[in-house]
Structures are given as C-alpha cells and as structure tokens.
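Pasting the structures in now, so scroll down.
Common to both upcoming complexes is subunit A, partnered first by subunit B, then by subunit C.
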Partner chain A sequence: MASTTPTQIDTAPPVAKSGRSTGRAGDKIFAGLSKGSGILLLVIMASIAAFLTYRATIALSENEGNFLTTFDWNASANPPVFGIAVLLFGTVVSSVIAMAIAVPIAVGIALFISHYAPRRLAAPIAYVVDLLAAVPSIIYGIWGALFLVPQLNGLNLWLDEYLGWTYVFDKTQVGVARSLFTVGILLAIMILPIVTSVSREVFLQVPRMNEEAALALGATRWEVIRMSVLPFGRSGVISASMLGLGRALGETMAVATVLSPSFLISGHILNPGGGTFAQNIAAKFDEANEFGRDALIASGLVLFLLTLLVNGAARLIIARRKDFSGANA
Partner chain B sequence: MSHALQDQRPQASRSAAPTSLTRGGLPRWAPAGIAVLSIALGSGIGLAFGLQSEIQWGLIAALLFLAITYTASAVIENRRQAKDRIATSVVWVSFVLAVIPLLSLIWTTVSRGVEVLTGDFLTHSMNGVTSFDEGGGVYHALLGTIEQIALATLIAAPIGLLTAVYLVEYGKGSLAKAVTFFVDVMTGIPSIVAGLFILTTWNLMLGFGPSGFAGAMALSILMMPVVVRSTEEMLKLVPNELREAALALGVPKWRVILKVVLPTAIGGISTGLMLAVARIAGETAPIMLLVFGSQLINGNPFEGAQSSLPLYIWEQYKVGSDASYDRAWAAALVLIAFVMILNLVARGIARWKAPKTGR
Partner chain C sequence: MAKRIDVSGLSAFYGTHKAIDDISMTVEPRSVTAFIGPSGCGKSTFLRTLNRMHEVTPGGRVEGKVMLDDENLYGAGVDPVAVRRTVGMVFQRPNPFPTMSIFDNVAAGLRLNGNFKKSELGDIVERSLQGANLWNEVKDRLNKPGSGLSGGQQQRLCIARAIAVEPQVLLMDEPCSALDPISTLAIEDLIGELKERFTIVIVTHNMQQAARVSDRTAFFNLAAVGQPGKLIEIDDTDRIFSNPSVQATEDYISGRFG
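Right, the complex of A and B next:
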C-alpha cells in the first residue's frame, strides 16, 4: 500500500480541491478491477460473436444445400444439406403473432396501472404482472402443451370455419393445435410483462402539466390519454415492443414443447408444423454429430445477430427519448 | 396539485353546458352490472352452441361487455362519454386477460403437482426407475440445480457488482457508454445462444465433456447483465452527500465504495441478486446443451453429466407416459415454488431495506 505518494497527500489536503487520491495502491487496484470487469463484459460479447462465426464458417463451407433457401435440415447426413428458410419463417411468424396479441394488451395493462387502477392497487397489480415474467419458460411450455393446446382446439375450428376464407386461418390439416398460432399465443403471454413494465415507466413520465391542460379543456379520461399520454409515450412503446420481440425470437423451451416441427413453409398458421431457430437447436442437438452441431451453431449465429439487431435498436430508441423528454432531467 | 381537484374540474365544466345537472349518466353500478350480464350471456351462448372451451366463452363475454357498454353509454350519455367508457373497459379487459393465464398456470401446476409431490419424491433420484414406472424423484435434479446456480452466482456476482461500481463510480467517456449499451443488449441474448457459446469454447475448443460447471458458465453469462443493471440502479440511489462526507474525512475512494456506498445499497443489491438467481433457475436450454442430464445422483459439478430441475421437467415431458407427466408437473411445482419464494423474499428485502428516495 505504502508508496511515495502518501507523503504528498498528507501535505496536500489544505491545498487540494477534492478528495481524489490517485496515488494510492488500493485505489488503483480497485479501479482497475472494476474497469476490468466492465471490459470483460465487452470481451464476452465480442467472443460470442467471434466463436460462433468461426464454427459457423466450418459448417457453411461443407453445406451442399443453400443456407438461405434450402427447406431441409440434414446436417448430420453425408453430404450435409441444411438451410434456415423454414426456421426464419417460423421464427418471424410466431414472433409477429405474439407481438400482434401482446402489444395492445400490454399497452392496456400499462395504462391500467398508470392511469386507471385505484392508487393503492396499482403497485400490487404491477407486481402480479411481473410475476408472469418469473415463471420459467419450461413451465410455460408444459402448460402450453398439456393445457392450452387442448383448450385451443375449439377456437381453431371456429377460426377455420368463419375466417377460413382469409387463407391465413384456413386449417387444411387435421390435428391438435401444435401450430405456429398456438406458439404465438404462448409467446404473447411470455412477453407481456416486459412490454408492460417498460411502457408503464414511460407513461408515468408524461408531464403532469400536459394531462392537466387537457383535463382543463374538458377532455374525458380517454381524450387525455389519446392527446397527451400516447403521443408522449409512443417511442417508449415502440422500443418496449422491440424488447418483447427480442425475447420472443429467442424463446426455446416453450416453443420446443408446444410445436410439432416440420420442414415446410405454410401460410396456414393453424396447421401444425414449422419451426424456429431456438426450437430447432433444442430438437436436433441430441442426434447431431460433430458437424451437425456446427450447423446448429450457424443457425444460432443468425439468431444471435437477429436479437442483437432488435435489442440494439430498441435500446437506441429508448436512449434517444431520454435526452429529449426532459421529464427525467 | 391535488388529485381530487383535477378529477372534479372537467365534470363541473361539462355539466354546466346541459340544462340539467343530472342529465344523462349511467349509474355507478353500471360497469359491474354489464359485466355480470355479459358473463351470463357469454356462458349462455357457449352452452347453447356447444362450444367446449371456456376460453371461447370468456372471449364472447368480453366482446359482449364492450358492445353493451358502448351502446348503453352512447344512448344514455353521449358519443364522447361512450368512447371514454369503452377505453376504460378495454383497459380493464386487457388486465383481466393477463391475469387469467397466470392464475390458470399456477392452478394447473399446483393441482397436478401435489398428487405426486411427497417426501419420497424430494429425496430419491430416478436411478432404476424406467420411464413408464410410477415413483422416482427429483433429488438428483434438485442437487444439480442448486450446485449450478451457486457456481453461476459465484462467477457472475463479483463481475456484475464490479462492473456496476465501475459504471456508477468511475465510468466516464466512451468506454462506460459502450459497457452500458452492451449490458443492455446482453440482457436480450437468447439463453440457447449463451449455451452454444460455452459449447464452442469449453467443449469443442478445449475438449471438456458435459458438466454442471459448463452449464454454470452459460448461466453466469445470462446472469451478469441482470446483476449489473439492478446494482447500478441501486448505487445511483445512494445520496452523494454520503460519498462526499467520507471523502472529506480523507478516506480513499475504494474504501468509501466498500464501506459506505455498498453497505448503504446492500438491500437493493441483494434483491437484484436474488431476482437474477430466480431468472436463471428456470433456464433449460443451456443446461440441455452443456450438462446433458442424468438419472443418477452426481454431486460433483466439475465432472460428468448432471441433471437439473428444468431439464428434468423437459425429459419427463418428452417420455410422454402418464407417470412421467405426473413427475413433470410435480417437478414444475417444486421449481415454481423455488422461484416464487425467491421472488417474494427478494421483494420483501427491497421494501424493507429501500433507501429513502423522497418520492
């Protein structure tokens, strides 16, 4: 600990402006340690990208099919043929369904907590919604597969009968509801909490004056929300939705338990079949040989980049809003 | 400023326009009454048309509720009021829609889980139990989960804490900005990608076999950003006066952080840690890739395949026999109880130890 500097500091206090003591060994070590852990996090992120890319290039160089357009996954076969077309389609479709269901409901709940619920109930209700996030995804999975799937059979038949003309809701295959649509519903339940909590934070930041001005003009509560709360919170809701989208894209176990996978692209979302990146890795990993694993890692890399993009964009939008709002200055 | 005052303003100004003060207004009990009516109608329609699923009944009731509210309000009050009421109803309905799956999930897990959950279930492994037999237990999985979580916490907690200290106490400039941004992005890494990363480095590159430790490393990657975020928030709440007072007494900065800042925020930090633990306790995907699963008790997380609770649920689900479904639900109950208790205790600590923020 002792070095030449302590004497300097002992004489310094009457003159020195602040309590900074740059020369002490303990300070240096501690500052170095904490800076080091910060850098370590960046290194981990960088090496995830680097190592996955390295293994992925091994897989791609041997691939006999087209990585982007092949409708098949026989990575352990000789010669290996695999492509991510079906997985990309399934991942995007199930996430879009999840967003379409979850975002309106989440905005509703966020408004409920921030503007409608009685003051005393707001905190417990927010807590209950957060509990949804605490449930492990595998439990959502078995609940979805053993409880939700049989429950949705009726709804599927009904959608097929009355909305079958839309093509999307046309159910051409008989079978239980282990479809992308069911996966979307389950994912919607799973991403509700994150979308709700971020939107709620934004709605609570709406300047009080804007709301009071609208009220003073005789606006009803809904008009206040439409004129002052929603415009203010729009970018917050968008980034909240993108955070939810990031979660939905990468969800593994809930999809793996509910979906009955197949390597087909079908616009009939009620038909069982399809697949997602994460689900495919979970399902194919056990039977994959060394090369098959590299192929799965290649698909994992695509998933990683996809979530990175979505999450990064969401964070940038939030960060930009922070500077402009002035509410949290 | 006061809330009651604002609520009355618009009403007073609105009712000044019509001739009568009491003109057109649905009674206070109207929403409740319409709710009861539409639930009754929804169940009636469901029964009459022979719809099997209660989900459909609920959806019909919700739609009826919206329709009746709008019509009633549009007829008796006016269009603007009707819109306001329908917005209120939609907001309420969406809240109910969120609570139903939570209740249903917890109810299903508890009611299916308690059938099998006994002392025997908690203290025995699956050694010698074939998939279609009844009996067996989760002891090996519970042991594995606890060891893997403990190891992951040992790795992630110090790194996470130090990073948060860096961001709040030292961080300036572009490095701190980059760390903040990537910590945020890191919270969104899919768990299976974290598993694949450890698989490429630890298993494929360095040639180690599956072990609890490999799983713990993947879990720690998922845990770090959560710890950083929550600790950062808590450290920011520590009043600057405390730091300045200590610094003014000549205490070096690192001792100020260790002896003043961290103890002040310790309640919030431990809450954040427990929530992070609760989050990784239920992760299945990385465990599946890295720990592999085992029917036997393996107390050594550094050598050989282990099991864990979420992985056990997945294995039992895949077997697909009645006995294995029962075991899956019972294990799910154990896991959910573990996670929920952690959550409740963590939030209890947060409330009890929360620093005063003036709000």
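Right, the complex of A and C next:
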C-alpha cells in the first residue's frame, strides 16, 4: 500500500494534465475548424453575390431594352436588347404547376408510407421514391422529350376539349406538347422524391402520445392524421415544398431538353413555347460573347433573388404560427 | 351515464409474448378502482384493453371478454373507434394537441362526434373545463395554445377533453406521475368529483394515492420478468390496505418488494 501510493501520486497528475491539455487543444482546433467553415460559407456566398452583381451591372448599363419588360433576348446584338419578362413568367408558371401536382401526391405518398402501409411494403416504396432522386436530370430530360411529350398529346387534347373554357387550358397553337405544362409535369416528377422523403421523416416524428390522444377520443385513422399528424408536420411539409420549389426553379437540363423555347408570354399553358431562367442560360451560354454572358448572369441574379424571396416567404409562414407548431410541447 | 365493466378471462399479447393472463374482474359504475402493482405487471396493458387501445400497438392482441353493461367490447362487429368514444382515457404524460388552442383541445372530441352549433360547443367547453377545475385559470385565454399551460394544467385540460364527450368510463394511466404534489392534489380532488358521474379506473404507482382516491383496489403481480402479469386480488381499498387476503399483496403494500 505504502509503496504503491507514491507511484500513483507521481504518475496520476501528468496523465490527467496531458489528458486535459489535449482536450483543450482538440477543443480549440475543433472550434477553429467550425468557425472557419462558417466564415468560409459566408465568404463564398458573398463573393457569388458580388460576382453576379458586378457582371450584371455591366450588362444592365448597356441594355437598350427594359430589363424587366422586354420580350426579347438579343444580348449579342448591337445595341443589345434583352429582358427577363418571359423567363420570369415561364419559371414561375412551370414551378407552380410542378408544385400543384407534386406536393399533394408527395404528402399522400409520405402519409401512406408512414401511417398506412404495412411495414414490409413501406420500406420498398420509400426506397423506390428515393431512387427517383438519384436519376440524373438529363435522363429525365431525354425521357421527357422522347416519351412524355408524345404521350401527353392525348391529355392535351382532352384538357383543351373539356377545360378549354378556362383559358389556361385552351390550346390555340398546333404542335407537340413542348409546353410549360409538360415542363411542369416533368418537374413535378423530379421534385416528388425530395418532398416525399422530407415529409415522411416529419410525419414519422409526430410524438406517439399525440396520436394516441386522438385515438383515445375515438378518432379514425384519417382523423388521427388530420388532428395530430398534419398539424404537427405542417411546417415540415412547407420546408419540404420549398426544397422542391428550389429545385424546380433552378432545373436546367430537363427543361432545356423538353421545352421549345420562344420569347412569348402566353396564358395558354398547353401551347408550345416560353422559357425559364436556367433553360435560357443553358441554351444561350455557349454562343454568347463576353457581353452576352454578362446579360445571362444578370438573369441568373434575378433567379438567385427569386429563390431567396421564396425561402424568406416560407420562413415567414412557418414563424407566423410558431406557438402552435408543436415544437414547444 | 356511467356503466359497469365486467371482464372475464382476458389475456393480452404483444406478438407471441403474453403480457397479462386470464384476468376477470367487475368494476362498479360511479366508483373509482385503482390498479397497483410492480412495474411490468401488466396493469397499464390491462387498462388499455378496456378501450381497445392495446391493439393499436403493433402486434397487440387480446383474448377474452370485456362487457360494458350488456355489450361485449370485443364482440364481432364492434368498431374500436366507437368503443373509444364511450371509454375515455387520460395518459401518463399530459398530451394536449400542441397545434390546437385550449378551446379546440376541449372541443376536439366533440367535433369528431358530429356537428355542434357554435354556442352549444362553447357551452360544453365551458362546462367541461369547469368539470376539470380549470375554467377559472384559462377562461381569459381560450384561444392560446394548450401547450403553454403548466404540466398540471395540461393534465386537467386533457381530463376536460376526455369528459367533454360524456364517456361512460374514464381510464387514467398514471395521470399524476409527471406532476408535482400540488398539481397531483388538484387531480386527486377532481377524481373525487368526477366519480359522481363516471366509472373511473386509475393505474397508479403511488400506493398512498390509491388509498386516497379509490373505492376498490386491484393488485397485479408477475411471477418473474418475462412472465405474464396476473390479477392477484381485487377488494375494497380499506381491506387491501389493512387486511389483504393474499400475502403477496401485504408484502407489496408494506414495501417489502416492488
């Protein structure tokens, strides 16, 4: 006993000290790394914004047309005339169509996987939906152009025939379905997996006791979903939709492959033609001269701002009913 | 309003595991019956068979009969959803709907059951909150979220929600175990008032609580971990706590095990 005590006294403090000091060094390194990553992210964001703004200003100062209202894109001409009206319209319309189709279906699939499907069916379905996200967008584009476009002719005729009175579905132009409507359907398929899997995760996180509260009151399965699952998952579904919307707004290859671009704004969404920001940049970038690229960058800046705006709006919607979100339960 | 519960030969399973074995008992209307026993003895499982909540758990299965007056809850063609509208339940942890206001929480069950006029709904909500001794504390903030209340208030809100639909029976699964002593006292007083109108069954880990609130006490026990829980005896609460007829009950209430 007496002989072991001194050795303990001798060895214990250095071990403890070195253990603590490496802990401190590790702490410092980790804190520095995470702080550095955070700063790096801000620097990257700021430099992208600065780059876009700088190049966009060059283009905008030379523009002979009105950037917001001109229905044309002749940036390489002399004098240059270009405007984003058609692109903004096309981007918003195709994304809205995509959201209108994808979000209800995605919520339905997510509810089925999380609350209706038997367990051995739920996992494979979830896997297949996630697999949709792994398909590269150019594949969607080729599939859309070679399969979806010809297949949609029948649907277009039907919509024109029975819903033509709504103006929106009135097809006034002959031609294959290389329209904003087709693009919307294609985008809907592309954003379906992300919206579905995020919604599914949220629905699975609904506390068991909230669902049991509804069950014990004599709620049917649908009533349980309406009373506790959907309200709890509401903000999650909004976030999921915004992720999907972000992808739809920025989607390039699939849109460029399917759409037959034209610089026209038409409320008849079945008519071929129109354009989106990303599609226009992809189509024009190669042939554009230095100034033309600046003009395209200016349109890219608008897309950037549009995405920021959409995200901000989503955050507002979520924050507005924060007290009732279930996060403080 | 209140109905008699008559259970005979009831066993409940989780998958292949038998959780409770062959339980028979009678619960009189307008009385409080307490279930006591060590953890894992199946008293909560048994409680959940009384409103068919047990089968909600994946693999949950029940054999035997539960008669509510003349109706077998497990009879062919009986809709479990309808059963749960007649047999209300209050859970261990207060679980008001976090996305609903106080008013909507109490009205939730009513809205499931059918169409009420707005004034009618308001009356029932007020009466239920008064019945749960919560009205004076929340009457000025009925449209605030229920999750903003204290734990004890939330639990009384859950009781108000359960009694708003005028159930025949009220089941309580350790309703005070997450609450402080003052809130516990408030709930216990409330149980005393509610038994004038409802048949009440309460699971509790607190033997003093069982002695304070109940008319009858049932003691559950299990032979060993992994064995099914059994009903050891059910008797008047006074007798259980003074002179039980089974030695195991005496050992349990005197703190010799459990």
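Heads up, the rule we're going with is that the second predicted complex is superposed on the first by the 272 of 329 C-alpha atoms of A that agree within 3 Å, B and C clash if a C-alpha of one lies under 4 Å from a C-alpha of the other, contacts with A are read in each partner's own complex, and residues count from 1 in each chain.
To be clear about the criterion, contacts are C-beta pairs under 8 Å (C-beta built on N, C-alpha and C of every residue); 3 or more make two chains touch, one makes a residue touch a chain.
Because the structure is predicted, anything quoted here is derived from the model rather than measured.
Shared-chain residue A:Tyr140: touches subunit B; no touch with subunit C.
In the superposed model, A:Gly292 lies in contact with neither subunit B nor subunit C. Using the contact criterion defined above for the overlaid structures, shared-chain residue A:Gly236 touches neither subunit B nor subunit C, since it reaches no partner. Once the two complexes are overlaid on the shared chain, A:Arg247 sits against subunit B while remaining clear of subunit C.
Using the contact criterion defined above for the overlaid structures, shared-chain residue A:Gly274 touches neither subunit B nor subunit C, since it reaches no partner. When both complexes are overlaid on chain A, the residue A:Trp222 reaches subunit B alone and has no touch with subunit C. In the superposed model, A:Val128 lies in contact with subunit B only, and not with subunit C.
In the superposed model, A:Glu212 makes contact with both subunit B and subunit C. Counting the residues of subunit A touched by each of subunit B and subunit C gives the higher count for B. With the contact threshold set out at the top, residues 212, 215-216, 218-220, 223 of subunit A are in contact with subunit B in one structure and with subunit C in the other. Subunit A contributes residues 13, 18-21, 24, 26-27, 29-31, 33-42, 44-45, 47-48, 51-52, 54-55, 104-109, 111-112, 116-117, 125, 127-129, 131-132, 134-143, 145-147, 151-155, 158, 189, 192, 196, 212, 215-216, 218-223, 225, 243, 246-247, 249-253, 256-257, 278, 281-282, 285, 290, 293, 296-297, 300, 303-304, 307-308, 310-312, 315, 319 to its touches with subunit B in the complex. On subunit B, the positions that touch subunit A within their shared complex are 6, 9-10, 13-14, 51-56, 59, 80-81, 83-84, 86-88, 90-95, 97-99, 101-102, 104-105, 108-109, 158-160, 162-163, 165-167, 169-171, 175-176, 178-179, 181-194, 196-197, 199-201, 204-205, 221, 224-225, 228, 244, 247-248, 250-255, 257-258, 278-279, 281-285, 288-289, 310, 313-314, 317, 325, 328-329, 332, 335-336, 339-340, 343, 347.
By the touch rule above, subunit A contacts subunit C in their complex via residues 119, 207, 209-210, 212-220, 223, 227-228, 231-232, 234, 323-326, 328-329.
By the touch criterion stated above, subunit C contacts subunit A in their complex at residues 51, 53, 56, 58, 81-86, 88-89, 91, 93, 95-101, 108-109, 112-113, 144-145, 147-148, 158, 161-162, 165.
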